[in-house]
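Next come two complexes, and both contain chain A; in the first it sits with chain B, in the second with chain C.
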Partner chain A sequence: MQTVAIGTEIREFVVTNFLFGKGDDLSDDESLLDNGVIDSTGVLELVSYLQERFDIHIEDDEIIPANLDSIHNLVDYVGRKTSNLR
Partner chain B sequence: MLVEEFLEESARRIPDKIALITESERFTYREIEMQANCLAHALIAAGVARGDRVVIVLPNSLQAVVAIFAALKADAVFVVLHATTKGGKLAYVLNNCRATAIIVDGAKLDADHAWLTETPYLRSVFLVNGAHRQFGTVGKSGKHAYSLEDVWNEFSCTAPPPRRCIDIDLAALIYTSGSTGRPKGVMMTHLNIVSAATSITTYLENSADDIVLNVLPLSFDYGLYQLLMMFKVGGTLVLLNSFAFPHLVLQKIANEGVTGFPIVPTISATLLQMNLARYSFPALRYITNTAAALPVDHIRKLRALFPHVRIYSMYGLTECKRVSYLPADQIDVRPGSVGRGMPNEEVYIVDPEGNRVVPGAVGELVIRGSNVMKGYWELPEETDRCLRPGPLPGERVLYSGDLFYADPEGYLYFVGRRDDIIKTRGEKVSPREVEDAIYSLETVAEAAVIGIPDPILGSAIKALVVPKQGSFITAQDVLRHCSTKLEDFMVPKIIEFRPSLPRTDSGKVNKRALAEACKNPE
Partner chain C sequence: MCGICGVLNFDSSPADAGLLTEMVSTIRHRGPDEYGIYTDANLGLGHARLSIIDLSGGHQPMQSTNGNLVITFNGEIFNYIELRQELQQRGHRFATASDTEVILHLYQEEGEQCVHRFNGQWAFAIWDRNRQKLFLSRDRIGIRPLFYTQTPRGFLFASEIKALLADSQVSAELDLHALDQIFTFWTTIPPRTAFKNVAQLPPGCSLVVDQNGLRVKRYWSLAFPPEGGQFAGHEEELANNLRDLLLDATKIRLRSDVPVGAYLSGGIDSTVTTALAASIVGDRLRSFSISFDDSEYDETRFQQEASTFLHTDHSSFVCTPAEIAEAIPQIIWHCEQPILRTAPAPMFLLSRLVRDSGFKVVLTGEGADEVLGGYDIFKEAKIRRFWAKNLSSHLRPLLLKRLYPYMDGVQRQSLAYLRHFFRVSETDLASPYFSHLPRWELTARLKLLFSDNVRHQLGNYSAFDDLAQTLPADFSSWCSFNQAEFLETTGLLPGYILSSQGDRMAMAHSVEGRFPFLDHRVVDFASRLSPNLKMKALAEKYLLKCACSRDVPRAILKRTKQPYRAPEGKCFFSRGAPEYVDKLLSPHSIQRNGIFDPRAVGILADKFKSGRPVSTKDNMALIGVLSTQLLLHQFTRSSWRSFDLCKQWQSEPKFANSW
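Take a look at the complex of A and B:
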């Protein structure tokens, strides 16, 4: 899957589920947690979405801000995980 | 004893000991004491007088800790609100308690400051993190803005201001959800807080050797007391902002040699989904649980994973902080119980006439002790409903509103609540408050909010919404609207649209029928 396509899908999921459709202000680099976009249960929802949608397994120690705490980090992380699968 | 003496005494005895560890920094008792002294002088210079309310809206941080003790040192009453509190509710609380000062994050103020023009009693705004200069005297609001960075340069930090409070003065208002929809301010005196903290640290056997890791917000009394109790015993508090990244929290527990870990069932549910065998916590002495009952299945699994860790199952009410705890040696014997009253506290169960009941009989739990609140802030009728005459002439005891029974040995078992408050991830949510937020949407004719069982959250908030005839509305619209009015944890997880809502004979929405229907979908 193309990085651009992954980015579009992930952004759409975040905007739909955590910003309820209003995502114009969300930049790719801003912290989802610090800006109140997601909270601890949001992280769980995000993890189960990523596992199902991209058919990846996320280890406990991969649930960290460097992988999940911005659209940019999410796209990079999913890109790495899916290319490992190939 | 006054609550600020928890900090002052430890700063005198062990000034160089690490009192607080945040995500990336460490602070000694001396450093926190000096900053709190400084901010206390600044609050007084800004006009904060004895008994004034000072509202604190900050995430778990050094600044929040300093602000709490600074307010106390200024003889004021601190009011900590959740960092995600929105403008409308913030204005309500500021006006309800007529706060004269607020300590808030600059970025939060930048994002939303309409409330400044709706809060006539508020005079001073203390800002953490920049953004202050553009306000000067905070725009047209007439309020004075102060930057915490400036405070450190301008005021003395070597000694606290002279003290005038006595221990029956108020130390804190803790706002809690009520069934009326408006949050109520629980009045806690210094004596109430010192009593509760003393009882709890006694049964947990806390000492200066303890290092407690807290991820719960300081706006929640369970989180707040972790700070107060560690400072009381001269221990160390590891203060994190959330449990969002469990692996990092568990690493912190291991690396900092944490001895105490307070949780709510949502945290244990998350922990038990992880592969915990790869972590080792040799220093961990205890885990406490309150806010909602820890499922017996969680208790058994936690016991098997961490046989050396004591697990305390507890039950509390904001109105008296803590009601009961199950001694750790009873956890395998009666895992379904929330234990007995704390040291220096009496609890008993009564029938509707107020007579004590025999073991096994269900009745309302009553609490007697110096930890019981003074009442609800300026709500005499609601106060009279739950603080009622006790055994001594003139005494008042706390009627919990919760139904319990006791076994023959006197251990308590929770049966149910008398009101319809929802407990979601350990936080109390008033269905009425959520319904009010939904009703403020013009396209909504009716709304009912209930809790439905959820393996992680305990209860998930579900809203059943009847749109106005001819109106078009989506679940996204409702959720987006709620997210601008309510704290994050109050925003519903599920929205369902219906053409109508079931009614009881008296015409009220029949929430029991709704809850049953949601439990057993056709």
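Take a look at the complex of A and C:
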């Protein structure tokens, strides 16, 4: 799957699930935490979505902002995880 | 308990008895036993009575013997017997055995200062004919409601907003700033209400209305000593003092000419009030509780444990998600503001059980968590501060995980995330709202649902700034624990717990709640306690547990605190959900009311319908939208049909056909 396509899908998920569709202002580098986009349950929703959609397994110690805290980080992370699978 | 209302026309036109009758009619549920109207030229008072004390003599509105004073009163003055004796010694003669008459006599004697002498829960208005002055007062904590408004003609007041709307000159228009506050704090900041031009008298305040206009005067406020100035040490003695106070607070709350029952939730607070009442009454006490078929919310085991231990004659009912969804329109009709949780619904159904069992009065345990250090939010703030002192600690944040064993979102979180969610940074530590930041900032995210128009109208409005204006001058000198208690006791307690979940839900079925923990002597005593006695390390309500260790079963004393919660958003999407849900969430309905963004609401509803996991924020968002839509539907002038239906004596408004 192309990085661009992954980015589009993840953005769609984040905007729909956490911003009630109101995500026009959200840039790819913006912190989902600092802007209150994501709450504690949201992180688990995000993890569950990533696991199902991209068929990856996420360890608890990978649930950290460095991996999940912006669209950009998420795309990188999913890219790394899926390339590991190949 | 009762419903009160009144008018004072500034243009000297006579008070309209027909209007007063309509006003009383809208709040008849608060007092179905009898009603009364009094008019005197441009002044009119109305009263719907729930007869509890002096059943045959306490009719209202009540006049003083010389006719110079007239009162309409909702509530109870629990120390009326002592005050009456004192007044008799001073030469006062009483025509009735009611507490209402005591207020009149004490006002005669001490004027506006009389309120300092009352131990109780009240909202009343006294017409002082000689001075042509209307004097209104509300109890210290805000147990009883009191709303008012002004029209070009004059001043109107009532126990509920709907009574004010009986006057065609008063319209119900949603106050967007109030909505912003509710979608942040879960309540408005008094005197604001959900509606423009309708104010509430803040707790602890009196109001004088005369030819010079309106003057609000604060006669009491919750205060704490500066850091270091609290009671400390002598635990045993302080525990004994607390128990003595609670026992007396309970004893005077059993004063009634009708039987008094008790709510028994399974937690320590209501077990204490029930135990103390049982020790005073001697007979088997009647107790009532809610149970849920979902074990996540159910506390039946502890309720039974308490009931068996205290030998009460216990009744409970199983509250289902379907009943909650069904009841919400009536809930909103009664609580008159948007809500973010369904928790009022079971309380509404519980008061129906009480009423159907032949009871009008119940003791309840509310207030203990606020004044004696019980809430998780206090514990959470303490842990957050503790963590902030050593941010690199890997052990300290684990306390947060221990605090919320039932929250998956907390259990599976890395430290980096926890630190963000629980706002552990230097900037946050400096905030006067530190304790409440995680809750309020999460709630404020719901404002994303507002329509562009509403967002535009609100501009840069900050509810936090508004709240800052109301903080006492010495707030910053209090320790952080007391600051948190203040925010909770003056905010959520009167604005939601005692109103949407309290007075309104009980009075919907003509039931009066009485709150021993909110006796002002208990509140004052508790405010002087060292926070370490309220929450010792992380042991909540420490002194209360010491004080009442022999009154409650060990299992309840030792149990992990379970916050009272009810099934949330999913109630509205199960099979057979009521028709109003889809209609009110439809793009057409959302667009017509203009408050929310139809697409955003659609996405939210789809998330629930899809069966995917939903968050606390999603639940609050859904109930916030639904309740606001219901409020607009029921209260704005264009759909005033529910009001017409409610005019019928003793009938609940019927909504099913009026969408």
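To be clear about the criterion, the second predicted complex is superposed on the first by the 86 of 86 C-alpha atoms of A that agree within 3 Å, B and C clash if a C-alpha of one lies under 4 Å from a C-alpha of the other, contacts with A are read in each partner's own complex, and residues count from 1 in each chain.
Methods note: a contact is a pair of C-beta atoms (placed from the backbone, for glycine too) under 8 Å apart; a residue touches a chain by one contact, two chains touch by 3 or more.
Note that the structure is predicted; figures quoted are calculated from it, not measured.
Asks: With both complexes overlaid on chain A, does A:36 touch chain B (first), chain C (second), both or neither?
Replies: both
Asks: Using the superposition on chain A described above, determine whether A:48 touches chain B (first), chain C (second), both, or neither.
Replies: second
Asks: Is A:20 contacted by the first partner chain B, the second partner chain C, both or neither?
Replies: A:20 contacts both chain B and chain C.
Asks: Quick check on the superposed pair: does A:2 touch chain B, chain C, both, or neither? Answer first, second, both or neither.
Replies: Neither: A:2 stays clear of chain B and chain C.
Asks: Which chain A residues are contacted by chain C in one complex and by chain B in the other?
Replies: 16, 19-22, 33, 36, 39-44, 60-61, 63-65
Asks: For a test of understanding, state which residues of chain B touch chain A in their complex under the given definition.
Replies: It comes out as residues 84, 241-248, 266, 270, 274-275, 425, 456-457, 476-477, 479-480, 483, 488-489.
Asks: Please name which positions on chain A make contact with chain C in the complex.
Replies: For chain A paired with chain C, touching residues are 16-17, 19-22, 33-34, 36, 39-45, 48, 60-61, 63-66.
Asks: Which chain C residues qualify as touching chain A in the complex?
Replies: Touch residues, chain C against chain A: 407-410, 412-414, 416-417, 420-421, 441-442, 444-445, 448-449, 597, 599-601, 603-604, 607, 612-613, 615-617, 621.
Asks: Hey, which residues of chain A end up touching chain B in the complex?
Replies: Contacts found on chain A: 16, 19-22, 33, 36, 38-44, 60-61, 63-65, 68.
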